[in-house]
Structures are given as structure tokens and as C-alpha cells.
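Heads up, there are several structures right after this.
Same chain, two partners: subunit A is paired with subunit B first, then with subunit C.
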Partner chain A sequence: MITTPHVDWFALSPTLALLAVAASALLAAVLVPGPLRKPVSATVTFAGFVGSFAAAAVLYAHSADAHGALTGSLMRDRWGALAQLILAGAGALAVLVSYGERTKEHVSEYYALLAAAGAGMIFLAQASSLLTIFLGVEWFSIALYILCAIDIDRASRLEAGLKYLITGSFGSAFLLFGSALVYGATGTLRLDLIGRAVADRGLSDDPLLVVGLAMMLVGLAFKMSVAPFHQWTPDVYQGAPTPISGFMGAATKAVAFVLTIRILQTAFAQDAHLWTVLLAVLAVASLVIGNLAALVQTDVKRILAYSSVSHAGFMLMAVAADSALGGRAVLYYLIPYSAMSIGAFAVVAARERELGHDVSADDLAGYGWERPVLGVALWIFMLGFAGFPLTGGFIGKFYAFSAAYRHGWLWLVIIGAAATAVSLWYYLGIVRQLFLRSSAGAAGSTGTPSAPPRDALLQIAVVACVAITVASFFAVQPLIDLAKHAAGSLPF
Partner chain B sequence: MALWLILLPLGAALAVWLLPLDRLAATGLALAAVLGEIGLWITTLVRFDLDSGKLQFEEQASWFKDLGVTFHLGLWGYSLWLIGMTVLVLGAAIAFGARAGRERPRAYFGLMLFLLAAVVAVFEAQDLLLFYVAWEAMLIPLYFLVGVWGGAGRVAATYKFVVYTIAGSLLMLTSIIVYGLQQGTFDMTLTTGSGSMWLFLGFAAAFAIKAPLFPFHGWLPQAYRESPPEVAAVLSGVVSKTAAYGFLRLGVIEFGGPSLRIRDTVLALAAVGLVYGSIVAFRQPDLRGIIAYSSLAQMSLITMGIFSINLAGFDGAILQMVNHGLISGVMFLLAGLVERRAGTSDVARLGGLARGRPILATALLAAGMIALAVPGSATFGGEFLILTGVFASGWAWTVVGAAAIVLAAMYALRLISAVLHDRKGEAVTDSARDLRLPELAFVLPLLGCLIALSIWPNAVASHSFGKAFERCTPLANVLKLTAEDCP
Partner chain C sequence: MAGPGIPAYLGVAVFLFVTGAFGVLLRRSPLIVLLSLEIMLNGANLALIAFSRHWGNGDGQIFAISVMAVAAAEVVVGLGLIVAMARKKLNLDVDELSSLKG
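Let's turn to the complex of A and B:
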């Protein structure tokens, strides 16, 4: 007779809500008649993300003391719950942005995959064993591989999907190989037991363990799109459906960072002297490569992709600081960053739908005056990305810099400040297009005569993103309190 | 009170942006907000205890505790005077914009009001991070005001201005983070000062660029020429003063030791800027250029006063900051009015405007006379105090400063005679009318304040710093002052 472990269904509820929704959306593809398919599956998916958000909120409230669920392969703690809140919120916004996409085929499948990817990420936020980690990573990645290639009208979709598939699998392979080595060194899959084994048996310099850690970090770096493991990012962000690019920019990054910190703090705290330096180097690489490469891009989605690489660098600064302050910094950073990412891609999506082709920076000339709501929103997102005051992006950077300084790395702060200066060039470049140039003067940007009607849902999502971006600047204390309690559940 | 001085223009800005107003309503709302702000400032002045030298009208709310950052506002005597100058000059600039009928009125007036709120916030912030926030917030409206409503070369001018300023700002941000974390608080009333030269230089970079101080003035001529005249008035009159204020509040007061060590270098740079600016101003071909470079010279003089590091110099610097804010404001606005009439600010094509236009001639002559520091004028008082203060550091600085007054007379008189007298310029037609009543409405208050200050310069000079100031700031430790009854 097989004894089944005790299952904490409540801890799983955010994941299960989305899984149920993914299944229903798939069923809708078969059972619901054509014209209703899109509204039904979108509504169901939106409800799923909202339900998952609510479940995660309740879970946060009731998980003050962190403990394992499912025999320790998942952790029920506030760290995971807060990440789930961010992920579910990003998913809900992504549904709103997606609704106006003009794809006619595979609509239900699109939403089913979005829900499945969300479920995988939300599962991964709690994962605390090498097995569940790999499961979660593959789960959301496979859903995203398909989503990247789902838009038949897009010429670059196959390139995007294939590239993501290949590099993503490459990253997963690293993660898996590294996990195997770590398991070989410690004899356990659970992160907390790995940490204990390393401490008890003095394994911190064990070659097997160190190589395993390095390979796992490489695998995670792919998901975080940290330079030099970022090469897929611009192509995939450019080729994927724009709402999906925004969702990936926000959610993939969020879950990858949350997971990385959990792994490093729980299992590899003894090796901090190794990985802090490594991550600092990667942070510098991301800041340099992301910002310099963004300078020469013309496609707005590629600019945003490289900007996401540079933001990975800023967040890595906080991770590398190896402190509770750093953990707080990352969690706080992710909130406005996710909103800005989804919002910025949403505005690009709106412009793309008007033009019917990819949006280059020149296509935004005068857009701010034409569509003040979207234009002002994109302007605010750019200021936020650049870390300008009056947006949460500023406080996020301030926290990340403070964490790095507290760790004693003033040089990292200075590099961060220099990177910010460089980044202003391309962020303000977009603002210049929006407001300082007139649409008449720009070549090839005569909006299509049959401009589509205003997309109310997209505008709601954009306004919500603006609200989060600006409100997170003023209401820092409540968010930091959330992040503080969340970081309290990890052994910093 | 301190909070309302920020919230009123900020709220008005949001209202102008968000409500579907037509041009007339937007203009009316903006002007009403300006008048309300002036009224609010006068109320504050009446209720302010000018002799105490303490921080007043404090407001504090928590922002984030773990790093010791708060929303902390308050008014020092000198901040109050600078805010008064700001409100007047920005109010006049908004009135000029209304008169000029700027395109996209809602965006324009909203940005001007937002700028007003940001500048007031710079002068009121008592928290390092809040100061930085306000400092950067000024840049947002300026970027658009120059970039959208400026002249032909506006985009290049905007970029140069923004790149220069942000380079300085980020150095300051780095210093703020390090300084605040070292102190364990970002509250400027609780910090105890620091002797680190590097931290000081981080702050100084931001201020030296924004003031600007020689040789960091590369952005200045383009920005002042390409801006709309009223924005140039604000840039040179108001925004540059935030930098001088920063030099005083965050440079000298917090970093007394490093300031003393670097004093001679700064004084030398300021002296070079003073002479260089005055000479270049004399050689400029256009009105805007003359005022722009004279602004560089005047800011150098103010910096001299601040880096004399004694109370006479500080008093003179504050008085001169208020003076120059008003003068530079009124000069750029008058230049704008002349440009609107003649279509050019090229002095070679102007001339003879005085004949048949007595009001314009009187206004420009009065402003010019005060600008060149005629004895008895407010600027004379300011310059005299600055030179007195800097005399303690060496008589040579005073000689340079006095020589610069002569140079100021040269460029100011050249400007007056080239515009008003001389033979009639080709760009001056008979259709160019005298100042109208609505134009007088924003020129006269500025001139009136200047004349009032000329009569009673001590209103500002003796009521900026009380005794408590000397005793109770980090600077007091450096200057070896006794601390007997700090509040």
C-alpha cells in the first residue's frame, strides 16, 4: 500500500485556480461556438487570474510562519505568496491587453496557454525542491514557447518561437545538469536539506556542489535574461505577440528572480562568498550590454527587450548584496517594473494594431499628442524605467543601490548610476518621438485610415499600470512592509 | 502651509491636464492658481517669524522607515524669500505665456504649474531624497517646455541641457545614497555633516552644472536662446537659484570641512566665470545672448558669496539670488516682448525703440540700471555684501568682484543703448507698439519688487539667517562656533 503525503490544498489554490481555467479555456475551444469563443475564454482566464490573485492574498495573510507543503517540495510562505500576487496581477493585465489582438485562429488556445504559463509560474514561486523547480520551469516555458509562435500573421513568429525553444531548452538543460550535480553532492532534492547538508558536512567548497551551483545559476540566468545569457531576449520579445512580450518581461523575470533568491538563500547560503561576486559580475555585464545595445535599436520592442536586460542588472545588484534589504529591494522593484513592462508593451501593441506592422521608434512620432492617454502613459513608463522620481522605478533603483552600498560595493552603485545615465538616452529618445516631433514630419508614419476603434480594455490596463507605477512611489511603506514580511520567510 | 504652497500649483496642474478646458478656461485657471499662490505666500510671510532663524511650518509624514526617509517639508528664512521670488517670476512667466497664446494651452499651463510646484518643493524639502525628487521633477516640465515650445534648434538644446543636468544629478544621487546611509537618516535636519570630499564633490557637480558655474556652462547659451522667452526667464531666474540654494544648504552647510578646503578653487572658478561671462555678454550679438552670459556672471558672483563661508557672504548671496531672479526674469520677458514686436533679438537690427514707446523704454532702463548695480539699487547692496564677505578670504577676490561691476555696466549699457537709442534699427517698424496694459501687469510687479528691495534691501539680507542658524547647523562645528542654546 502506498502512503500518499498530506496535501495542503490551500497552499496550492493559486495554482489550481489557473489550471482549472486553462482546462476550461481549452474546452471552450471545442464547445463554444465561434464568435463567442474569444469573449468566453478571455473572461474565464481573466477570472482565473483574479481568483488566483485573491487566493494568493489570502495565502499571504495566513502564511506568517513559513512551512513546507507536500513534504517540503513546496514552501508555503509569504515570499512565494507575494510573488504569486505579482504574477497573477501581471497575468490579469496581460489578458486585458491581449483582448484586442486581431488574431482569428487559436483564440481559446491562446488564453488556455496564458493561463497554463501563469499556473506554472505561480507553482514555481513556491517550489522548493530541485524536482519541483525543474517541473515548474519547464511547465511555464513550454506554454510560452507555443505562445511566442502562435500568432500566424506575424512573420517573425517562428523565429521567435524556435529561438526561445532552443535557448530555453539549453538553459533548462543547464539547470537540470546543475541540479543533478547538487543532488550528487548532497544526496537530497529539498533546498532546505541541501542547505543543511552543506553546512553540516562542510561541502561549501566541494567541487561537485560548486559546479552544480554554477550550472544552475546559468540556467536561471537564461530565464532572468541576464547578460551574457540574454541573446534570445530581443528576438523573442520582438517576434512574440506584443501582449505576451509584456507578460514575459514582467512575469518571467519576476518568477526567475524570486526563485533565484530562494535557491541561493535556502540552499547555498554557505557559498555566498562565491555567488555574490559572480552575480555582481553578471549585473555589471547586464547593465553594460543591455544599455549599450539598446542605444542602437530602432524597433521599440527590441529597445524594451534590451531595457529588460539592463533592469535584470539592476535587480541582480540587489540579489548580489545577499541581505534582507536586497530581498526587499527585489520584491519592491518587481512591482512597478512589472506594471511598467506590461504597460509599455500594451502601448506598443495599441500602436501596432493601428499601423498593422512592427512599431519602430519613428512610428511613435507625435503619438503623444494624437493619443494623449496612451502617449502620456508611455512617457510615464519611460520615466519609470529610467528611474526618474515620481515613479516607483526611482524607489526601486534607490533600494537596489542602497542594498549594494550596504554590502560595501560602492563601485557597483557608481556603475549603476552610470548605466542609468546611458539608459536615459534611449528612454528619452522615445519620449522625444512621442512629444517633440510631429507625426506629419516623420516618414512612413501616416496612421492607417481605418484606425481601429479605441480599445477600452487595453486602456484600462494601461491606466492601471500607470496607477501602480505612480502609486508605488508614494505608498512605499505599505509595499515595503509586504516585502519585508515576505523576505522574513527566507533565511537571510 | 508649506505643503499647500506645493499642493496648490500641483493640484492646478492636474486640473488643467485632466479637465476638458478650452484655452480661455485653462488660462484663467492657471492665472487664478498663480494669484492664489502669491496670496498664500504673503500669508506665510506674515505668519513667519523672521528673526528666529529656525525651521518653521514644518510638516512631516513617514515615507519609508527602514532607510530613514520621510516626507519632510519646512521653511527657513532664506527659503521663504527664494520661494517668494519663484512665485513672482513663474507667475509673470505664466502671464507672459497667456499673453503670447502658446499652442496646446492645457499641456503648456499644466507644465508651468508643475514646474512651480517642483521648484517650491526644492526650496522646502528637508529630506535628502525628497530634495532629489523635487530636483529631478523640475527637469520633467523643462524638458517639454524647451523641447516643444522652443525655437528652431530646440531639440538639440533640450538634449544638451538634459544630458548635462542628469549627469550631475546622478552623481548627486550617488552621494545622497552614501551620505544618507552613513548618517542613518536622510532627514536634513538630523544629519550631522561630513568631512568627505568625494561626497561633497558629488553634490557640487549637480549644483555646478545647473547654476551653471564656469566651466560647466556648455548647455547655457543654447538653452537660453532656444527656449521660449518666459521659459528662459524661469531657467535663468529661478532654476539656477535652486543650484545656488543647493550649494548653500547641502554643499556648504552639510560639508563645511570640504567646502573650506576647496574654497579657493571654487572662488577662482567663480572669478573666472564672473569676468568671462561679463566679457562674453558684452560681445554677444543678440539680447538673449547678453542676458544669458550676464546670468552666468551673476551666478558666479552669488557662488562667490556662498563660498566666502561667512554670514555677510551668505546674506549677500541670498539677497543677490532674489535680485537676480527678478532681474533676469524681467529682462528675459522684456526681451521676449521686444522680439514679439521686432521679430528678432539681434541687436544690430534693433535700435531706436525708445522714441514713441516711453513705457517700454522706462521699464527696460529701470531693469538695466538695477542690473548694472547702480549705487542705491538692491543689486548694489547684494554685491556689496558679497564682496564684504569674500574680502575675508583675500582682498584679491574683492578686486575681481569690483572689476566685474564695471564690466556689468558695460554690457547693461550696451544693451540699453542698442535697443532703445542708437539709430532706428531695420527690424523696428512703426507698428511695434508700446507696452500694453496686460504686459505691464506682469512686468510691473517684478520691477516694483526690485525697487522695493532697493529701498529696503535688509528686508531680505537681515531676515534670512537668524542667530540660531549659525549655532545649530553642522557648519557651526566647522566654523568653531559655540553651541549654547540650540533648539
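Let's turn to the complex of A and C:
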């Protein structure tokens, strides 16, 4: 008789909720008549993300002691659960932002894929074996490739989808080959057993293991969009549907960072002397390239894409610090960062729907007076990205810097501070456009009679993002405590 | 164990992976690029299977079979995109795909 392993269904519940939703939304594409398709599938998907959020919250409360679920391929711990809360929240906001998109075709499929991508990410947040990690990465990536190109009638969408597919798969191939080498060095796929094998057998300088680790980090760097593996980011963020760009900026980054820290701390703690240096170098590259490239962009989505590269650099500083403080810093950083990312892209989406074409910085001239709610919101997001006080971005950067400083990397902190100073130029440039430039485009914007009515759901999402951005500054202690308990479940 | 040892298998696996990587970086037709991605994944598969034999456990083989399924899904999406581009009469040359830049 075959003995089946014990399955901890409760640990899987956030994933399963979204999988069920993805299937129902897909069924809605067939069974629900035309005009109802969009409300039905969007509602179901939103409910799925909220349900997943609730399940993750319960999971967080009941997982004080970390233990394996599904024979150790998944970990049921607070680290994963807190990441799942961020991911599910980002997904729910993305549904609200997406609802106003004016595409007529493949609406149910859009939501089904969004739920599937969310399910993959939420699965990946718990993954703790090389096999589940690879499957999770591909799971959400493939869903996102299709989402990028879902309007197959627009050439820019197709181009973004194909570019994302090629670079994403290239990165995954590195992750896979690295995994194979690590498996070859240690003989196991489970992260905790790899860590033990490395410690017991003194494999930390084994060439197979070191090359495998380096290749895995390259693969993960593609997903984190860390320079110099970021080239796909601006093209894909610009070409993808804007709500999806926001979702990718928030959720892909969140899950990639959470996963990287889990891998490094669980399996490769013995090799910290190697990867801390490598990650510090990548952090510097991201800070420099992200910020300098953002200066010369005109398309707002591209500016935000390069800004996301530079934020990857800030978070990588905290990862490279190799401490519980660094882990806590990343988890905290991700909360306001995800909200700001989705919110900023939502405002761009609103403007894009009014104009009917891509939004350049000039298109935002005077927008803050035209649409005060969205304008003020974008202002707050820009200040938050730049790291001003009264937004969570300030505390996030502060924690990332202090993690690097505690590690003894004053030079890294100085580079980070210089990068922040440079970033002020383009963040405040957008604010200047919003409020200090009379809308030279006023002639253009008053001349667009087809400006759609205010999109209530999008505004709700934007206001929620503002609330999270600001509240994470004032409620910093409870959030840090959450992150602290979460980081406590990894062997820092 | 008869036959060539692990280093030989690993050598072929690395050769496949590197061939595929150069294909992705240098070739311009998206079809060939997809093919090269497959070669990269299959290089990794060969390494997994060889190591699985070396360690005498099935983990690597299970991994390799999952990778095949994933690779198939990936190719389906890639080919779908290429067909859609061909229908729109877009130039099927990854160097010409540069409407998104800046």
C-alpha cells in the first residue's frame, strides 16, 4: 500500500482559495452571459483575494512555531504568512484598479489569470524546497506573461509579453540549473536539509554548491528586477496593462524578496561570507542604474519602473546585511512600498483612461488641480517613494539603512543616501508637473469630451493605498512587531 | 554503475545550457529563442537526472518531470504570442521589437 504524506490543508488554504477563484472566474467566461461577465468575475476574484488575506491572517496567528507542511516542501510559518498578507492585499487592490479598464474581450480570463498569478505567489511565499520554488516561480510568471499580452490586438502589449517571457524564462533557467547543482552538491531538495548538509559536511566551499548558489541568485535577481538583470522591467511595465504593472511592481518584488531571504537564510547560511558581498554589489548597481536611468525618462510608467529597480536596491541592502534586523526591514519596507506602487500605477491608469494613450510626464501637467484626490494621492506616493517622513517609505528606508549600518557597511548607507538625493529630482519632478505647471495640456484635456466619469473603485483603491502609506508611518510599532515575529521563524 | 560518470553527464548538461544561453542572447528569431530556452531547461534536466542517479534518490527525477510539464506550458504561451504577432504582421525579429524603449 502506498502511504500518502500528511497534508496540512490549513496551511494551503490561502493558495487553494485563490485557485478555486481562478477556476470559477474561468468558468464565468463560458457560463455567464456577456454583460455580467465582468462584474461576476471581478467580484469573485476580489472575494478570493480577501478570503486568501483572511486565511493568511488566521495562519499567521496559528503558526507561532514554524513547521513543515506537505513533507517539508512547504513551510508553515509566520514569515510566509505575513508575505501572503501583503500579496493578497496587493491582489485585492489590483482587482479594484483593474475594474475600470476599458477592454471588452477576455475580461473573465483577465481576472482568472490575476487570481492564478496571486495563487502562485502565495504558494511561493511558503515554498521551501527547490522543486516547489521552481514550480511557484513558473506558476506566477506564466500567468503574468499572459496578463501582459492579454490585449492581443495591441502591438505594445504583445511586445511586452514576449520580452517578459524570454527574459523571465531565461532567469528561470538559471534558477533551475542552479537548483540542479545545489541538489548535486547536497543530494536533497529541501532547503532545511540543504542547510544541514552544508553545515555537517563542510560543503560551504564546494564548487558545485557555490556555482549553484550564484546561478540561483542570478535567477532570483531577474525576478527581483535587480540591476544588471533589470533590462526587462521598464519595457514590460510600460507595455503591460497599467494595473498589472502596479501588481507586478508590488507583488512580484515582494514574493521574490521574501523567497530570496528564505533561501539564503535557510539553506545557505554557511555561505553568508559570499552572498552578502555579492548582494551588496547588486544593491549598489540597482541604486545607481535605477536612479540615473529614471532621470532621463519621459514616460511615467518607465519612471516608476526604474524607481522600482532602485527600491530593489534599497531592499537588497537590508538582505545583504544578513541579520534579523535586515529581514524585518525588508518585510516592513514591502508594506508601504507595495501600496505606493499599486497606488501610483492606479493614478497613471486613471490618466491613461482619460487620454487614451500612454502617459508622459507632460500629460500630468496641472492634473493635481483637475483631479484633486488622485493628484494629492500621487503626490503622497512620490514623497513616500522618495522616503519623506509621514510616509512609511521613510521608516522603510531608515530600517534598511540601519540594517546595512549595523553590518558595518557605512559606505553602502552613504551610497543609499546619495541615491535618495538623486531620486528627489524625478519624484519631485512629477509633483511639480501635478501642481506647479498650469495644464499646458488643458487645451488638450478639455478637448477630450470622452473623459470617462470618475472611477469609484479606482479611487477607493487609491485612497486605501494612501491610507496604508501614511498609516504605516504612524502604526510603525505594531507592523514592526508583526515583521519581528515573522523574521523570528527563519534561522537568522 | 556502468557507463560514464557524473562529470561526463555534467559536462554535457553544461554544454547544453551554455548553447541555449548563447542562442537566447544571439539569435534574433523568437522561435529560435524559444527553442534555445528549451535547450537550457533540458540541460538542467540532464544534470538533475544524473545527480538523482548519483545520490540514489528519486527527487531529481521527479523534479525533471515537473520541469518538462512547466516547459511545455511556457512554450505554449510563447508560441501563442508569436502566432499573435505573426497575425498582426509584426516583424518577427527580437531586435526589431523596440517600440518600448527609453
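Just so we're on the same page, the second predicted complex is superposed on the first by the 480 of 492 C-alpha atoms of A that agree within 3 Å, B and C clash if a C-alpha of one lies under 4 Å from a C-alpha of the other, contacts with A are read in each partner's own complex, and residues count from 1 in each chain.
Assume a residue touches a chain if its C-beta (ideal position, glycine included) is under 8 Å from a C-beta of that chain, and two chains touch if they have at least 3 such contacts.
Computed from a predicted structure; not experimentally measured.
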| item | value |
| --- | --- |
| Touching partner for A:Ile480 - first (subunit B), second (subunit C), both, neither | first |
| Which partner, subunit B or subunit C, touches more subunit A residues | C |
| Contacts of A:Ala418 with subunit B and subunit C, given as first, second, both or neither | first |
| Contacts of A:Tyr333 with subunit B and subunit C, given as first, second, both or neither | neither |
| First (subunit B), second (subunit C), both or neither touched by A:Phe345 | neither |
| Subunit B versus subunit C as contact partner of A:Leu165, first or second or both or neither | second |
| Which of subunit B and subunit C A:Trp275 touches, first, second, both or neither | neither |
| Touching partner for A:Arg406 - first (subunit B), second (subunit C), both, neither | first |
| Which of subunit B and subunit C A:Phe257 touches, first, second, both or neither | neither |
| Shared subunit A surface residues [contacts with subunit B and with subunit C] | none |
| Subunit C partner contacts - residues on subunit A that touch it in the complex | 130-131, 134-135, 138, 142, 145-146, 149, 152-153, 155-156, 158-163, 165-166, 169-170, 173, 176-177, 179-181, 183-184, 187-189, 234-235, 238-239, 296-299, 302 |
| Residue ranges of subunit B touching subunit A (in the complex, touch as defined) | 62-67, 69, 104, 129, 132-134, 136-137, 140, 143-144, 147-148, 154-155, 158-159, 162-163, 166-167, 170-171, 173-174, 177-178, 181 |
| Subunit B partner contacts - residues on subunit A that touch it in the complex | 325, 328, 369, 383, 388-390, 394-395, 398-399, 401-402, 405-406, 410, 413-414, 417-418, 420-421, 424-425, 428, 431-432, 435-436, 476-477, 480, 484 |
| Interface residues, subunit C side, partner subunit A - complex | 6, 10, 13, 17, 20-21, 24, 30, 33-34, 37, 40-41, 43-45, 47-48, 50-51, 54-55, 57, 59-60, 62-63, 66-67, 70, 73-74, 77-78, 81-82, 84-85, 88, 90, 94, 97, 99-102 |
